[in-house]
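There are structures below to look over.
What follows is chain A paired twice: with chain B in the first complex and chain C in the second.
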Partner chain A sequence: MIELTSTPMIIVAILGTIGVLIPVISVARKEHGSSSFYGAIALGALFASIGYVIYQIAANNIAPAAIFTEDVLADDTFGSLFAIAMLIVAIFTTVGSFNYMRKKSHPAVYFSLILLSTIGMVLIAYSTDLVMLFVAWELMSIPTYVLAGFMKKDPSSNEAALKYFLFGALSSAIIIYGISIAYGLTGSTNIGDVIQTFATIDSEMLPLALLAIAMFVAGFGFKMGLVPFHMWLPDTYEGAPPTISALLAAGTKKAGFAAALRVIVMGSIALSLDWTFALGVIAVMTMTVGNIAAIMQKNLARVLAYSSIGHAGYILIGLAIAPYTAIGIQGSLFHILNHAVMKGAAFIAVAGIVTTLASSHLDKIKGLGRSMPITSLGLVISLLALAGVPPLNGFWSKLILFGAALDAGAVAPWTPWLAIAGVLNSALSLAYYGWIIRKMYFEGETEKRVREPASVVAVMIFSIIFIVGIGVYPDPIIQFVETAVPSLAVTP
Partner chain B sequence: MSNELIDFFIVSIALLGIGIYGLAVKRNAIRMLFAIEIIINAANLNLVAFARFLSHSGGQTLALFSIAIAAAEVAVGLALIIVAYRMYKNVDIAEFRSLKG
Partner chain C sequence: MVDATFLALSVLTIGSAIAALEMRSLIYGSIALMGALGGVAGFFLLLDSPFVAMFQIAVYVGSIAVLILFTVMLVRRELIFTKVEDPRRRYAGIGLMLVLMVGLGSLVIDSGLKSVTADEPPIDFRLIGEDFLTYYWPALVLMALILAGSVTGALVLARREDVTDEQRAD
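Entry: the complex of A and B
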């Protein structure tokens, strides 16, 4: 049994209680409309949770990264890394929503749904049982369907939510089908048991095991935005409220990678197949399609959506080379943490721009560097970090990822091509990020400075400190990420 | 009539095929929702059949979870479809074109 004081249980208790209490408070209070009040409660709960996660890590109360446990939840460093990333994203979303949700209806439900979705994301990272994984996956997904369509008078939010819902529901249907096959083959839903049985499976049953893994790739791939499954993603990220796009791009996508690391990578290693090449091909396709499509976009939110498809490709490099070198997973985990902050900050900046200018079209952001200097600076720093410019954190994680791909070339001769594709794509992405920066600083008339939303400024300042701080002094985070890499040895 | 595991599995694969066909061909949001439900129920059938033949109750537990979750999902999905219908007077997702790039 998992202990009641372990990290996931405490997070469920804090966020679950507050998440259910917020709507109750809003019904009990007669007055309506003060979104900051509910936001502050939600923010307190999130800070308490992230504080507890960090306290548990500092006090050495968590297990080393493990894939195999008897329990449904593992209180390990792997889960804690993801929990920190997702709680940071949830804090960004909540703080960024203070100004965005002002004078909008139902703020209590909005903040409550963010908390409930966060529980799902955190539980996915900790779960070591397919039943737990599926329930957590749905707990994460269902609130985000509602949140994406939260502006129900707005046709684009509505359309975004409906597309997101149809593809999201399809992805969970495919995942439950994959789980049913894995259960039928192995007689267990514990991920460790499933993988150990897969390692010694009959050759007659191998096609079914492959079908199960392929269904996991497709099901998780929809949320991760891998290329054959990405078509819903730009529409949803553009149409949804930009604060929720931050939650989707930086949060739910990372939860997909957590699930993929727990299930797909281990499953494909256990089946001792050359799955890595297929994953490598998907990685190159994903980054290339994402970055090339991003060049042609006219809307800032859509550019960021395609760039997040591209980043899913970079992260997938680490998964593809996992059997050859442990540094690959390390690079993936580091990039997941960095990307959560960079992309979260970029989408919150878009939310600030939409709040003041009512649009995120690229023609509207001309001269933004003078009218909204702090938001612009935050956006520029996060864009440069996304491109992987040296003194920033994105550079280090890309360096580790591409370096690992080059190293793995000693075992598998095709992996250096992943690094080459990654470097070329980073250069390509710098081109369109540079285009946006040029529009913001060197085009348009000199406009007067406008009042920037205070909550967005707070997120920008935190993310600038994080991005530059990790970029200048990455050692402590790299050491922590090293401890979060699970051991990949399968003992049949 | 035989009562083998493979019979249940064939029905389940057939349901999966029907669901995927429905998603690929239909553009009506409610029909697509039904197709997804058919896939989920194919998985439930699998889970219950495997649990019966493995003499292991875990699969039936998961099937119960899955039915409850699917109900929650449909509730949210139908709500979204109703809101879309009020706005567009239509539930054909090919007609929703406010977003493109």
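Entry: the complex of A and C
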């Protein structure tokens, strides 16, 4: 049985206890308006959790890479890397919500649901059992369905929640169908056992194993926002509270990639399936559709939503070339960590803009550089990092991803085309990011400086330090990512 | 005999599911949903899983469907959304569903699944309980958290904002 002091169980204990207690405290205090109090409690729990993850890594108490245990959870570096990324996003969301939730109803439940969803996200990355993975998937999803529709009087928030819920329920159904087929074929729900059995599966049963993997691709693909499973994403990210869009775009999306890495990549290799080309095609489609659609948007949240689809395409490059070079997965993991901060910061900046200007329409952000200088600076740095401009962190992760695709060309001649598509799409994205920057700094002349939400300013300052810091000195993170790359060898 | 029962259950389950989606009346739709959930319980019985069938009847048919029925009867039933019907989308959806079903069906039939014989004794339901308290215990903890999140989230979404606490106390 998994140890009670292991990283995932301590995270469950801290965030679970606080997550359940916050609404109870709210009922006991008979108070409804104090968002900062409940936010501070949630923030304390998140800092304690990330502190424990970092302590476990520093003390060398976790297994290297991604391991498959006889248990439902593994305390490994792969899971810890995702845990750090998701806890950073949860901290951003919580801090950004201090001002956003002021004078809004039910702050205690709001912060409680963020904590519960974070447990789900983190445990997906640590899961080594399909049932555990599914339960964690549901714990991540159900609170976010409520959070997306938290502004009950706002029709766009209701629409966002309904679309997200319907597509989320469909993706859960597809995943459970995949799990049932995998269990039927192998007699086990342990991912390690399933992969081992897949490696020696009878040729007559191969189509069913293939079907199970296809179900996982479709099910996880919905959350990852891969084309053609992305239809729900722009409306949801635009309609949901912007702080929650940050959680969805930078957190739940990454959980989909964690699940995909544990199950799809390992499963495909076990089945000796050449999925690489299919994943490569999906990667190019996803990044191209995301970036082209982003150009046509008039709302900042929608631009970021489509850009998020584009980035799912970049990350998928690493998964597509995984069997040919280990650097591909390294690039994906590095970009996942970077994207969590870049996209999280960009959406929190949108939350700050919405709180102050009551709109995130692109025409309303004219002269934002003068009226909200710190929020604007944070947003600009995030956008440039998302585009991959040096010397910011996004440049290094894209360089590793595209470099790995070129490197894999020696084994698979089509992979350099992924790098070419990635570079062209990055150039395309720079066009619409540049358009936003132009609106903020070179249009509008009469804007006066307004009071910026303090919590948003705090997130902006942290993200600027992270994005520029990692951009200037990326070595420690690259070395950490190297230790988290799963071994792709399957011994039958 | 099993084939005839299987066919009857299939007709009941799929027919009730379609009726649940298509019925204009929410009450009839809820009753049709009970039929679909009951049909699934029948499949579990055919698969030698009486324990799961019992839970399907107790939890889904007996509790959840009845709860839905009572909720529908107790709250206002006028449509809150404008219904926009597009026949082309409807036919495209039916077409996509048929293609998917034929594709999945042919994949399953082509596989070696037909030759599989299950002569092992049914799993003792006590083992399921044991597994939940040993191997799956972290999943059990997470299920409790899912329920906690669902209940608090549902309460917030269902709570009327136009009624004050004083009015509630009265």
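The rule is short, and it goes like this: the second predicted complex is superposed on the first by the 490 of 492 C-alpha atoms of A that agree within 3 Å, B and C clash if a C-alpha of one lies under 4 Å from a C-alpha of the other, contacts with A are read in each partner's own complex, and residues count from 1 in each chain.
Simple rule for what comes next: a contact is a pair of C-beta atoms (placed from the backbone, for glycine too) under 8 Å apart; a residue touches a chain by one contact, two chains touch by 3 or more.
Note that the structure is predicted; figures quoted are calculated from it, not measured.
> Report for A:205: first if it touches chain B alone, second if chain C alone, otherwise both or neither.
The second partner, chain C, only.
> Taking the superposition as given, does A:160 touch the first partner, chain B, the second, chain C, both, or neither?
A:160: touches chain B, not chain C.
> Should A:173 be classified as contacting the first partner (chain B), the second (chain C), both, or neither?
Touch status of A:173: first partner only.
> Who does A:239 touch here: chain B (first), chain C (second), both, or neither?
first
> I'd like to know which partner A:19 touches here: chain B for first, chain C for second, both or neither.
Touch status of A:19: second partner only.
> Quick check on the superposed pair: does A:149 touch chain B, chain C, both, or neither? Answer first, second, both or neither.
A:149 contacts both chain B and chain C.
> Using the superposition on chain A described above, determine whether A:135 touches chain B (first), chain C (second), both, or neither.
In the superposition, A:135 touches chain B and chain C alike.
> By the touch definition above, which chain A residues appear in both interfaces, chain B in one complex and chain C in the other?
Looking at chain A, the two contact sets intersect at 131, 135, 138, 142, 145-146, 149, 152.
> Quick one: in the complex, what on chain B touches chain A?
9, 12, 16, 19, 23, 29, 32-33, 36, 39-40, 42-44, 46-47, 49-50, 54, 56, 58-59, 61-62, 65-66, 69, 72-73, 76-77, 79-81, 83-84, 87-88, 93, 96, 98-101
> Which stretch or stretches of chain C touch chain A in the complex?
104, 107-108, 110-113, 115, 134-139, 141-143, 145-146, 148-150, 152-157, 159, 161
> Hey, which residues of chain A end up touching chain B in the complex?
Residues of chain A touching chain B: 130-131, 134-135, 138, 141-142, 145-146, 149, 152, 155-156, 158-163, 165-166, 169-170, 172-174, 176-177, 179-181, 183-184, 187-189, 234-235, 238-239, 296-299, 302.
> Using the touch definition up top, name the residues of chain A that touch chain C in the complex.
Those residues of chain A that touch chain C are 1-2, 8-9, 12, 16, 19-20, 23, 71-73, 105-106, 109, 112-113, 116-117, 119-120, 123, 129, 131-132, 135-136, 138-139, 142-143, 145-146, 149-150, 152-153, 202, 204-208, 211.
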